[in-house]
Amino acid sequence: MITTFAKGLEKAGVKPNQVCVPSDILFEPAIVKHFGFDYFHTTRGRAIAFGTGLKLANPALKVVPFTGDLMTVGGNHFVHGSRRNMELTVICINNFVYRKIAGKAVSIETPKFSPYSTFEEPFNIPHLGNSCGAIYTARWTALHTEELADSIAEALNKKGLSIIEILAPGPDYYTSISNVNADLVRFYYDNSEIRNDEDPRNVGITPENKIIVGKFTSKERSTFIDSYNAQLGNVLGEKFTPYGIESGKKGAGGKNG
Amino acid sequence: MKADQRDVLTGVYYIDGDVASGYGALAAGCKFIAGYPITPSTEAAEAFARIAPKGGAMFIQMEDELASISAIVGAAWAGAKTMTITSGPGYSLMMETIGYGAMLETPFVLLNIQRGGPSTGVPTKTGQADMMQARWGSHGDYELIAIAPDSPQELFDHTIKAFNLAEKYRCPVMIMADECVGHMTEKVVIPRAEEIELEPRRWYTGPPDEYIPFKPDEDLVPKMVKAGSGHKLFISGRLHDERGYPVDNEHFELKYVRRLIDKIMCNKDKIIELKEEQLDDADVVVVSYGISSRVAVRGIEMAREKGIKVGNLRLITVWPFPDERITELAKKVKAFVVPEINYGQVVFDVARCCHGNANVVLVPHGGAGVHMPDDICDAILLGAKEERKIEKVIEFKTQLEKLVFKGGSKLKE
Amino acid sequence: MQTPKTNQQKKIQVDSSSMDRIHPMENVLRMDRIPHIWCPGCGIGLAVTAFAAALEKAEIDLSKIVIVSGIGCTGRVAGYVKLDSFHTTHGRAIAFATGIKVANPDMKVVVFSGDGDLIAIGGNHFIHAARRNIDMLVVCVNNFIYAMTGGQVAPTTPLTAYATTCPFGCVEPPFNIPYLADSSGAVYVARWTTLHVRRLTNAFVEALNKKGFSVVEAISPCAQYYSRINRLGDGLDMMRYYHDNAEIRNGEDTKNLDIDFQGKIIVGKFIDRERPSYTDRYNEWLSKVKGGENEPG
Amino acid sequence: MKADPSGVLTGTHNLSGNQACAEGALSAGCRFLGVYPIAPALEVSERFLQRAKKASATFIQMEDEISALAAVIGASWTGKKSMTVTSGPGLSLMMEHLGLGIMLETPCVIVDVQRVGPGLGLPSQPSQADMMQARWGSHGDYELIALAPSSSQEMFDFTIKAFNFSERFRIPVAIMSDQYLAHLQEDVVIPHAEDIRLEPRRYFDGPKDSYLPFKRDEDMIPPMVDIGQGYKFHVTGLTHDDRGYPIMDEECQELNVHPLVKKIRDYTDEIIEVQEANTEDADVVIVSYGATSRAAFKAMEQARGLGLKVGSLKLVTVWPFPEERVAELADKVKAFVVPEMNLGQVVLEVERCSYGKANVFFIAHGEKGVENTDDILRAINQAVQVDNIKDGIIKFR
Amino acid sequence: MAEVRFAGYGGQGIIRSGIIAGKAAAIYDNKYATMSQSFGPEARGGACSSQLVVSESKVLYPYVTDVDVLFAMSQEGYDKFEPGLSENGILLVDEDMVKHKSPRGNIKVYSIPATRFAEELGRKIVANVIMLGFFTAITEIVTYEGMKKALPGSVPEKALELNMTAFDRGFEYGKELLKKKNG
C-alpha cells in the first residue's frame, strides 16, 4: 500500500520531503525512512485535526492523513474537515469487515474486532464526504494498485479535501500498516466492480451487491485558506497580508533555526 | 530573543484578564490558536481572533476541544508557537491529547479559565477545582508545568512566561487562571517589544540525516525540527526510543518516560516561582494561589491585627510543587492554612510535604464565589491556637457551609 | 431574574376572563420555572410551543417520553418541559439518548438541542446515530450562531456573516444539515423556520410517529447576537426575512438546501423512508445466535 | 437482594481477568454494556456479547469512548445497571462524562484496564499509571470509589462489589485493572446466584409529584427513579438544587457539590477495605494494590524467610485512600515500601499519611516482570538499615 | 478606598459605565481600579450589574463588600443592591427609572433625570454617560479630566461628541445640585 502511495507521489510530482503524514495507523519506521516523508503517529481518530494544525501552521506542506479510526472516533473531524475544505489528502483505510459481499459470505479468518459491531450497517464514506463538501472522492481496494496510485496523484494536485477510501482490513491503531489481511483483500477485489463517476449516493456497500469502486467525484471549491484570504482581504483591504502565500513562507511556522 | 514589534500592542489598557491573555499570546509570538467557545474563556479567543490577522497569525475555531488540541499539537510540530483556550469541561475532553503532547514533548500553552465544577457546574462563576486535574488528568506518568496568575496584568505576563517555559522544557504549560481573574478588568501595561524576552525554540541545526528527535541535551530536553524540512521524521505517540520508533518492552518506560518527569523535576529550581511575605518569624503560613491569594491577604491582615504572626506564601508555579520549600517551612511553623476554591486539592500536597511537622488547615469553598476574609482569618486563628499535632487535614467549617447545612439558607425550605 | 416578556411568554399567560381554567400547556411545561432565560425575540420558545402542541396532537403517553438536551440556549429546553428530562454535557445529548433508547426501547426519545451542540461538537454522534438508525427524534434549533457563550461562529453560520470569533466574516461554508442527516442515514428529515409554527408542529408529529432516526431542523432567530452582530434588526425582522425568503419545496433533493447569508431558505419535508433500526438489527442478530453456540463452555 | 440466576454462571471456570470481569458484571445484574474497543480491554466485551442472549443483556459499541460513557449514564437512568470498559487513552476521553456521572449521581461502573502511558503508550504492557487520574482526572471537585483487583477471582468479586458501591452511594465506581490481570488465566469460583448479595437500587416510593431527584435521605444519598415511570423529573449537569433545577450561586454550589464529596468522605469506614498480613510486628510494611500485590506478597514471604519482620498492606479500595490505617501503621513501623507500576502516584498518598513517622521507599516496579520480587527485597533490606527519617520519598532505583 | 456598584438592566451600558470609570481611575488618575461584572445568560435582558473597587494601593479583594456608592439605573437594580449599601454611603439614581425609599442611616441620595436628559440630547442610550458625569461630580472618586480622557475609545467614535456633551450635562447638573445642597 505504501509503495502504491509512493507511486502516487511520484506521479503527482510531489517530493516526499514536502509530505507530512499524520496517522492513527502504526507505520513501520523502516518504511518511513525509506520513502522519506515525515510521519506522526497521532491519537486515535485525530489525524485530520492534527493535519489541520500542520497545514495551517505551514501551508507549504502536503498533508496526507492516513487514518483507520477516522469514521468512528474521528467522524467529527472528517465531516468538519470536509466542510472547511482544508487542503488535505485523506487516505481512509476502511477496516470494516464485510461479512457478506455480492451474496457470498466471508469464509476467511477475520480480525476479532472491527470498527463497528458486526450487525451494524457501515457508512457510505464517499457519500458522506461528498455531502459535507469534500472535493474529491474515490474508493479502491488495496489491490487496485494502478488506479489507487492514479487517484492519489490526482488528489494530491487538487486544492481542497480529498478522500480516498481504501478497503484494506487489517492495519489499525495497534498493528502496522503492512498487516493487511491479504486473503480478505483478495476477496473484496474479486467481488468489486469499477464504476467511475458513479453518484456517491449509490456506492454504499451492501451484502447483496458487489463493492463499487472507482473515482466518484471531483469538483472545485475554495479552500479554507483561500476563503480566509479572500474574506479578510475584502474586509481589511490593504492592511491585510494574505496568509500562507508565497509557497508558505508567510505561514505561522517561521524559519527553521 | 526579543519579541517581534508587529506582535506587541504596546500601551496601557483597561481590559479583562481573558483579553490580556490573548494579547500576551500574540506578544509571545504565538502564531496559531485553535479553540472552541466555552464560558468563561471565550473572550481570550475573541481577542486573539481580532488581532491575529494583523500579526500574520491565525485563529481557527475548531469543531470541538478534541480537534482544537490536536490541531495545536500539529501546528507546534509544523514550527509555530501555539496555544489553546478552554475551561473545565473542555479541559476534560483534552486530557487524552495533553498526555500525547507530553509524550511527543510538544511545546504548547493551554489557558484554562476555571469555573465551578464538576460537570457543567457554574459556567459563569469562579472555581479552582481543576488544579489536580492539571497535574494528574491524563493517563500514564508525565509532568508538566502549571502557573496560576492572579490579575489581568499577570495573565498578560504569565502567558508570555508560559510560552517561554514551554519552549525551554518542551512540555505543555498550563495557565490555570480562574473565572474571577479572567473576567476582572484592571490596568494592563504592555511594554515595548524590546523589553519582552522570549525563549526561542530549540532548533536542531545539524545535518538532517543525523537528527534524532528525542535525544536529550544535557538538561534532558531534546531539540526540535519543523515538519516538512527533510528530516524524515518518525514521531510516534506510542512508547518510543530516542529515534521515535515504537518499542514493545515496558523496560523502556523506566528509561524513557522517566526522562519526561526528570526533565521537569531536575530543573525544578529554575521553574518554580514563589512569592513569600513575612515568613521569617511566622507561626502560621497561608499557602494560596490565583485569586485566592489576593483574597487571603485580607484575612491575613485581620489576623495580624489580632497579633498573630502570619506569613504568606503564594504559589505562582503550582506544578511542579515546591516540596522542599514546604518541608523546610513546616519545621519552623505551627500550621499552614490553605484557602482554595475547592474541597481540598493542593492542600493534600502541602500536607504531604509537612511530614507531620505542622498542622494543615484547609479553608474550602465550593466555587461560584471567593472566600470570605473572615473565614480565612478564623482559620489562621485556629491554626495558631492548636498545639497538638493533628494527623489529618483539618477541614475548616466555613460560614457558608454552616449557613447551607444548618438551615439558614433559602435553598433549604 | 426578570426577563422581559417574549412572544412565547405572552402565549403562556392565563386568559384573565377564566382564571381557574388550566392553561393547555401546563401539563407539558414546568410552570415553576417560567419565566425562562431566553431573550426577547428568540425563536426557541416558538419551537418549544410547537413541540408541546405536537405532543398533544401525536397523543403520546407523556410518561413514556424522555427529552435530552445538550448545552447552549436550546440546551435549556429540557429544563422547561415537564417530562423526564436530562440536561447533559456539550454535544453529547445524542450519545446519552442512545444509551436510554437502547437500554429501554419502550421509551420515546427526543433530543432537543442547538446547531452548535448537535452539529459542531456533537457531529460525530449525529452521524453515527443516523447510521445506526437509533429510533429517536432530533430537533435541531438552528440559529446560525453560538448564543449562550455570546455569539461565536458556528458550523452553520452562513459565509461572510459576522460573529465574535470571525470578526472579519465567516470563511467556512456552513453545513447543510438535511444533507448531512440524509447522507448519514436518517429516515425522516425536514426543515422549517419558527415562522412556520403549524408546519413545524406537523413535522414533529410525523417524526414522533416515525420509527428511526428523524431530524427536524428549526431555523430560529437569535436577536441578541446573530441579528445584532450582523445588523439584521430584531426577532421580528428575522421573521420577516423568513417570510420573504422561505420557500416550501417538499421532497427536494437534500443536496440543494444550502443557506447563504440572508439568502433563500428552502423548507419542507425532504426524506421519509424506512430502514431497520439499531434495536431491530441487534434483536435479529441475537435471534440468529443459536442456543448453545454462543455460550462459552 | 440476591442475584438474577440468568446472569450467573455458577461453577469453577478458568477465566482471564477480562472474562472474569464480564462474568462479575453479569452476576451483579449489569444488563447494559456501552464500549468502544481498545486494547487490552477487548475481551470483556467479547465475553459479554457471548453471554448477552442468555442474560437478556444489551450491548452497544459506540463511536468513541466519550459517547460510550454518555450512553452508559443514560442507560443507568432507565434502571439497567450499566458498565463501560476501557484503557488509559479511553479513560482520558471519558473524563468529562465521569464528571457528569458524579453530578447526576448516576450509579455505573467504569473498568480501566491500565496499559503503559502517557499518550498512546504501550497497549501490550501493564501499568498502574492511571491511579491518580481516576481520582483527579475530571474537572471540578468530586470523590469516587476505585477498587484494584489482583487476580481473576478478585476481578469477578470486585466487579460485583463495584456495582454494590455504585448503587449504595449513587456514584460511578472505577475498577482499576491492568493488562497483566486482563490476560491472566486463572480459576474463578462463581457461587450460586442466591449466594451473591447485591445492593438494590434505592428507589423513591412517594407520590409522583413529590419526587425531588436530589433530595437527600439522612445518609446524604438521594433516592432514584427510572425514566418512563411518570415522575417527569429534570436533572442537569449544571449546579442544581434538590429539584434538579439549575441555580448558579455560591449557596447552591455548596449545597450541591459539598455533599458529593462528603457522601464518600463521611463513609470511608464503610467503604475502605484493606487486606493485611503480618503487620502486627512488622518493621517494614509493603503497601501495594492490584497486580503489584502479587509480587508484594511473595516478597513479604521471602523476607520473612530471611528473618526480616515484614508485613503487607494491600489496598482493596485505593480511593478513598485508607489515610487513618496508614497513619496508625506509621507509628509502629520503620518504613513503608511502595511498589507501583508507575513512576510514583499512590506513594505520594502514603508519604502524606505517614506524617514523617516512617520512611517511604518507592519502587517503580515492573521492569523485570510484574511478579518479580528482586527490587522489593532489595528495598526492604535497605529500609531496615536506615534509622533516621528522611525528608521526602526515597526513590529506589 | 471606594467601592461602587453599578446596577441597571441590559442594554443601558451598565458594564460599560464601570469600565469607563475604572479606566479613568486606573489609567488617568493613577489609582488602582478593579472592575468585575456578572456574566452569563442571567446577565442578558434582565438585571445587570458591575462592581468597581478604586484604591490608592493595589486592590486585593476584587469584590465590593460594603458599598460606598450605588449607581442605580433600574428599579430592580435598586431593590436588589440597596441593602448592600453602606450606612454612610451615597445613592445615585436616575429618577426617571427608580423610585427610592427614604434612606437608611446616613445615606445621602442624589437623583438626576438622566433618561430625560438623554432623550433631550436625542439618544436615550447616553443616559449612562450622563449618570457617569453626575457620578463624577458628586463622588469625586474619579476626576473630571480622567473621565474625559477615558471616554474616547470607550464609546463609538461616531458618537464621541454626543457622549462628551452628555457627560458634561450630568457633571454640571451634579455640581449645581451639590452647590444647592451645601449652600
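Structure notes:
Every chain is named by a letter (A, B, C, D and E) in the order it is written, and numbering of its residues begins at 1.
Here is the rule we use: contacts are C-beta pairs under 8 Å (C-beta built on N, C-alpha and C of every residue); 3 or more make two chains touch, one makes a residue touch a chain.
No experiment lies behind these values; they were computed from the predicted model shown.
Centrality by C-alpha centroid: the chain sitting nearest the overall protein C-alpha mean is B. The chain with its Cα centroid farthest from the Cα centroid of chain E is A.
Each chain gets a centre from the mean of its Cα atoms; for chain B and chain E, those two points are 36 Å apart.
Computed centre separation for the pair chain D/chain E is 55 angstrom, with centres defined by C-alpha atoms.
Chain B and chain D have centres, each the mean of its CA atoms, that are 28 Å apart. Across the assembly, chain B contributes residues 39, 53, 63-64, 66, 89, 96, 100, 104, 119-120, 123-124, 236-238 that each touch 2 or more other chains. Looking at chain A, one finds that residues 41, 43, 72-73, 75-76, 79-80, 120, 228, 232, 236 touch two or more other chains. Residue positions of chain E touching 2 or more other chains, listed in rising order: 40-42.
The residues of chain C lying in touch with chain B in their complex are 71, 87, 89-91, 116, 120-121, 123, 146, 148-150, 152-153, 155, 164-168. Considering their complex, residues 72-76, 79-80, 83-85, 118-124, 127-128, 130-133, 201, 221, 224, 227-228, 230-232, 234-236 of chain A touch chain C.
The touching residues of chain A, when paired with chain B in their complex, are 17-20, 22, 26-27, 29, 32-33, 36-43, 46, 49-58, 60-61, 76-77, 79-80, 228, 232, 236, 239-241, 243, 250-254, 256-257.
The touching residues of chain E, when paired with chain B in their complex, are 18-19, 22-23, 26-27, 32-43, 59-63, 150. Against chain B, the residues of chain D that register as touching in their complex are 66, 88-89, 91-93, 95-96, 98-100, 102-104, 114, 116-122, 124-127, 129-130, 132-133, 135-142, 236-239, 241-242, 247-258, 260-261, 323-324, 327, 342-345, 348-349, 351-357, 364, 366-367, 389, 391-392.
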